[in-house]
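Two complexes, one shared chain (subunit A), two partners (subunit B, subunit C).
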Partner chain A sequence: MRELLLISGLGVLSLFSGLLNIRKGFLLVVIVGLLLNIGFSIADWNGNEDVYGMMLMDNFALAFNASFSALAILWFISAHSYFNNDNNFSDHFALVLFSICGGLVLVSFSNMAMLFLGIEILSIPLFVLVGSDKTKLSSNEAAFKYFLLGAFASAFLLFGIALVYGATGSFENAKIASVLAGGSVNQLALAGMLMMMVAMSFKVSAAPFHFWAPDVYQGAPGYITAFMATVVKTVAFAAFFRLFSSTFASMQFEYKVLFAIAAALTLLISNITASVQTNVKRMLAYSSISHAGFMMVTLLCMNSGTVGILYFYTLVYSISSIAAFTIFEVVRSNSNGGEDIDTFKGLAKRSPLMAAVMTLAMLSMSGIPPLAGFFAKYLVFTSAIENGYLWLAIIGIVASLIAVYYYFKVIIAMYGHQSDLAKIEVSVLHKLVLIVCALALLLLVVFPNLVTGVLG
Partner chain B sequence: MLTLLLILIPFISSGLFFLIGKNIARPLAIVCSIIELVLALFVLNNYMSGHHDMLQMNLAWISSPGINFHIGIDGISMLMVLLTTILMPLIVYGSFNRNFENASTLYGLMFLMQGSIIGSFLAMDGFLFYLFWEIALIPIYFIILVWGGENRQKITFKFFLYTLFGSLFMLVALIYVYLQTPERSFDIQALYQAGRQMGLTEQAWVMSAIFLAFAIKMPIVPFHTWQPATYYTAPTPGVMMLSGVMSKMATYGMIRWILPMVPDAIQEYGYILIIISVISIIYASLISIVQKDFKYLIAFASIAHMGLIAAGIVAANTQSLQGSLIEMLSHGINTIGLFFVYDIIVLRTGTSEMKKLGGIRGIDSSFAFLFFIIVLSVVALPFTNGFVGEFLLIVGLFQSQPIAASFAGLSIILGVVYMFRSFQAMMLGETNSLTANLPRLNVQEKTILIIVVAMIITFGVYPKMILSITEESIKSLLQGIQ
Partner chain C sequence: MQEVISGIPLVNYIYISAALFGIGALGVMVRRNAIVLFMCIELMLNAVNLLLVAFSSYLGDTSGQVFVFFIMAVAAAEVAVGLAILIMIYRNANTTDTEVLNQLKW
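The block that comes next holds the complex of A and B.
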């Protein structure tokens, strides 16, 4: 409960930050607030606090709360320039914080109503943020697209919840689960579950509901894209997992096939498309979709171990994404706004630190040892093989190989080519973010148990 | 503890190079490589005098999937570690005749590579082995990408993707065997037991998947297409690391991770691998003969020798295994020698096309003499280390596959053809405008070639000191299989 109050309080406070004249130090206030939020999660560990039957602060919720808060801290530090150059300072802070609020609801819901509210609280600020680059046509287009398709997804979700309610007579997760477990497969509930699956697949941008993602990611301001690709994706997957592992657990037989097909499609489509992109931002968007494919595999092999795998995967993927997007933004703003792969040429000379961290991020995303991304993929493959999905593991491996192709385009551009553009000075805050990300990527493989064990 | 140090010292040295300035990069590189060599000799001393307890280390690492940080050493690993640590100072010293840009980063990457290669030789846990095996790939990729020659972007990428492709098959095979272990463990003994209990078909699949990874890395035909171009474009220290040391990871891996894990499949289908290897030997030797460029010639000759080693390992008897281990050592030493000769010639004349050269013997007879001894060792003349290895290999291979052995024997004859032709073209004959004013070898170049030649002759005349290192381990390995 107090986590929710804290974050929404922060959001409201930021609305008044202009009035209270605390604009300058507000970033610090937000960071302290989020740190406090992590602290609350640790303090409430094993508490299983029931929030009016609507949310359940179990360990799953607390763990994800801590992880996305940590990611949000990194993101806020990295995106400080987004807030500084901005007239709508307090609005943007508030929107991001409200979106995080929706994330908290999503990872802890225990009632279908909260699932829907969480999705909406998460998404509506994002619609605005995506369009926050008001003078750019692509940003407006992205916001419009995202809003329209997001509304569709919400409709699917609502319809699904309604059908499930019709079949079981309840909105409560636990009750639905027990009703479904009791009888034979109910056609109405099955239809409802499928609807919800469509809506959630849309939110996590899994194929074949991923078409919005590249355009929106490309059109949105870079840091907002980073936010969507990391924090938002993490909570969306957490909600997806929470919904299907508990509420629909008894219908595993029905939905597993669909998850397997969706995962395979996501892996293949996104990676093949990504390999022909020349715009780095769009490539990162497709890469984000492809990682959704890997995370889908953990949904499919649901047993006690896979929640730890999903947790590890989202964290590692998000850390490398934050590093990649931060570097992308810094390079873009120092290279006449170019988003093409050519702007990365000669980065090794222009900024050795950024080139090195970008290399780590790319290696980690493509799953090359000894980086954390390798371990994440390894855990996914092992769990797939263990659950009898050898074919999916092989598709995953093929997908990773294709992915190596486009991730290495960036590395080759940075180290294999020269550039006559000036050196890039990296600000201290960005340096901090990059070093933290790099260390995390290297150390998480030495101590993966620290993360996977949290929800083991 | 000592084995951990063996892995840690190169990694620590590698870290140092990213901190220090350019000026002390060279002396530091030499010092670091020699410290590692001294440590390896100390470990050898401990091993030979039977203090095995210091050399094992088993720490729980990632408990839930059963991964341990288990490292240890036996005669086979010991020899491989020796090879790596002996070659490293030579490679470092050999790089001093060129001024590499950002030399300290180059050395940092080289030591990173050394550390992970040694790690893969010492790993007694399947996952750990895979980890070190892959880590070694990253530094060499960057060494070639940054310091390489023409068209390096595409070539290195092909190399990287190719080897990664193979390794992923190995990973899947290792995971498959791991899932068969009763207690879900990657420990080498657990994997051996689980592997041996599998049915023949399963074993055959596992064998093929792991062999694919190794066949690409060695490489042998038809998985070699990345190799000639990569060797050609790589800077000399890089190609020395690649052919001298890194290719041995694959042959070592065959001994450690294929033979004892899937013995039935080797027994039943090993002949297929031997046939592939023998085809590789003959094909690569024939291609070598028609090469115009000396560096390509070394590259293809390397494929031929690796093929012979692979065939010997699959034959799996005492002689063939002893032979393959000695051949690994001598191949490492010889290719370093050959690539250094190449480097000397290219630095002076700017070309390695053999037709354009000639008459170097008349100008610098000591260079020609040292080169000639290396050539003799490559073609396996008695009293060189090449002879001991190839002789044992062919004897061993003959015991299990006589026909294949007689074809493999062609490698020596064909080797004579291509090696002598190259020697003739470059060293003998008339001098021309390129070679007429060739400067004589300087002290650094002479030192390196003399050390290489000294090793060739020492190990050739007195191979017993190597045989005694590996003898016991091979015996116990073969006992485990039968």
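The block that comes next holds the complex of A and C.
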């Protein structure tokens, strides 16, 4: 409960930041608030606080709360220039914080009403943020597409909730689970579950419902794309897992095969399309979809071990994504706004630090052995094989091989070419983010069990 | 009110909600005017509201009707944001036709 109050309080405070004259240090206030939020999660560990039967602060919720708060801190530091550059200062802070608030509701819901409200609280501020580059038509287009498909997916989710309500007579997850476990498969509940699955696949951008993601990621302001690809994706997957591992656990036989097909489709489509992209932002968007495919694999092997794997995967993926998107934004703003892969040419000379961290991030995302991304993929593949999805693991490995190609295109552009553009001065805050990300990617290799064990 | 709703078999409510939802979903896919798209989304949400009220009445459980209020409130917030986005597009492109939104592809 206090986690939710804290973050929404921060959001309201940011609306008054101009009035209270704390705009200058507000970034610091937000970071302290989010650190406090992590502290609350640690203090409440094993508490299982029940918030009016609507949210349940179990260890799953607290662990994801801590992880996305930490990611949000990194993101806030990296995106400081996004907040500095315009006069919508307090709006942007408030929208991001309210979106995080929705994330907290989503990882801890124990009632379908909160699932719906969480998704809406998460998405509605994002519609605004995606379109925050008001004079650019591509940003407008991204906002419109995101809005339309977000609302469309919400309608599917609601129809699914209504059907499940009709079949079980309740919105409470625990009650729905016990009713479903008691009887034979109910047609209404099955239809409801399928519609909710479609809606959640939209939200996590899994194929065949991924088509909005590249457009939205490309059109949105770079830092907002980073936020969507990291914090929002982590939260959406946590909600997806929470919903299907508990509420619909008794319908595993019906949904597992669909998850397997969706994961395989996501892996193949996204990686093949990513390899022909020349726009780095769009390539990163497809790479984010392909990682959604790997995370889908953990959803279909639902047992006590996979939640830890999902946790580890989202964390590793988000850290490398934050690094990649930060570097992309810095390079873009120092290269006349170019988003093509050519703008990365000669980056090794222009800024050795950024080139090195980008290489680490790309290697980690493609799953090259000594990095954290390798362990994440390795854990996903072993859990798939243990659960009898050998074919899916093979598709995953093929997809990773394709991914190596387009990740290395960036590395080759950075190190294999010369550039006549000036050196890039990286600001102190960006340096901090990049070094923290690089250290995290290197250290998580040494202690992967520390993270997977949290929820194991 | 209870008798009026219960006078019609439940399955008819499911059929009409599904039909309304389908019309809305089809509209989102085939129509090109942004305002009409918004109306189609509203139609889908109202199909859900009808279904929830019918179930709620048949189950004798009020929580379904409370949920309808949540949906109405959120739908209003969502449309407010959607219309703002639409105005932004209109200022830049001078039309509400979604054909102009072709900057991002492949």
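Rule of thumb we're sticking to: the second predicted complex is superposed on the first by the 456 of 456 C-alpha atoms of A that agree within 3 Å, B and C clash if a C-alpha of one lies under 4 Å from a C-alpha of the other, contacts with A are read in each partner's own complex, and residues count from 1 in each chain.
Note that contacts are C-beta pairs under 8 Å (C-beta built on N, C-alpha and C of every residue); 3 or more make two chains touch, one makes a residue touch a chain.
Because the structure is predicted, anything quoted here is derived from the model rather than measured.
K.L.:
A:412 contacts which: subunit B (first), subunit C (second), both, neither?
P.N.:
first
K.L.:
Specify the partner with more touching residues on subunit A, choosing between subunit B and subunit C.
P.N.:
So, of the two partners, C touches more residues of subunit A.
K.L.:
Report for A:386: first if it touches subunit B alone, second if subunit C alone, otherwise both or neither.
P.N.:
A:386: touches subunit B, not subunit C.
K.L.:
Is A:305 contacted by the first partner subunit B, the second partner subunit C, both or neither?
P.N.:
A:305 sits against subunit B, while subunit C stays out of touch.
K.L.:
Have a look at where A:378 lands relative to subunit B and subunit C in the superposition and call it first, second, both or neither.
P.N.:
First partner only.
K.L.:
For A:400, decide between first (touching subunit B), second (touching subunit C), both and neither.
P.N.:
After superposition on chain A, A:400 lies in contact with subunit B alone.
K.L.:
Just subunit B (first), just subunit C (second), both, or neither: which does A:215 touch?
P.N.:
Touch partner of A:215: subunit C, not subunit B.
K.L.:
Intersection of subunit A residues contacting subunit B with those contacting subunit C?
P.N.:
Touching subunit B in the first complex and subunit C in the second, no residue of subunit A appears in both lists.
K.L.:
So in the complex, the part of subunit A that touches subunit B is made up of which residues?
P.N.:
305, 308, 348, 363, 368-370, 374, 378-379, 381-382, 385-386, 393-394, 397, 400-401, 404-405, 408, 411-412, 415-417, 448-449, 452-453, 456
K.L.:
In their complex, what parts of subunit B are in touch with subunit A?
P.N.:
Per the touch definition, subunit B meets subunit A at residues 62-65, 130-131, 134-135, 137-138, 142, 145-146, 152-153, 156-157, 160-161, 164-165, 168, 171-172, 175-176, 178-179.
K.L.:
Using the touch definition from the top, list the residues of subunit A that touch subunit C in their complex.
P.N.:
Of all residues in subunit A, those touching subunit C are 112-113, 116-117, 120, 124, 127-128, 131, 134-138, 140-145, 147-148, 151-152, 154-155, 158-159, 161-163, 165-166, 169-171, 188, 214-215, 218-219, 277.
K.L.:
Flag every residue of subunit C that touches subunit A in the complex, lowest number first.
P.N.:
Interface residues on subunit C, with respect to subunit A: 10, 14, 17, 21, 24-25, 28, 34, 37, 41, 44-45, 47-48, 51-52, 55, 58-59, 61, 63-64, 67, 70-71, 74, 77-78, 81-82, 84-86, 88-89, 92-93, 98, 100-106.
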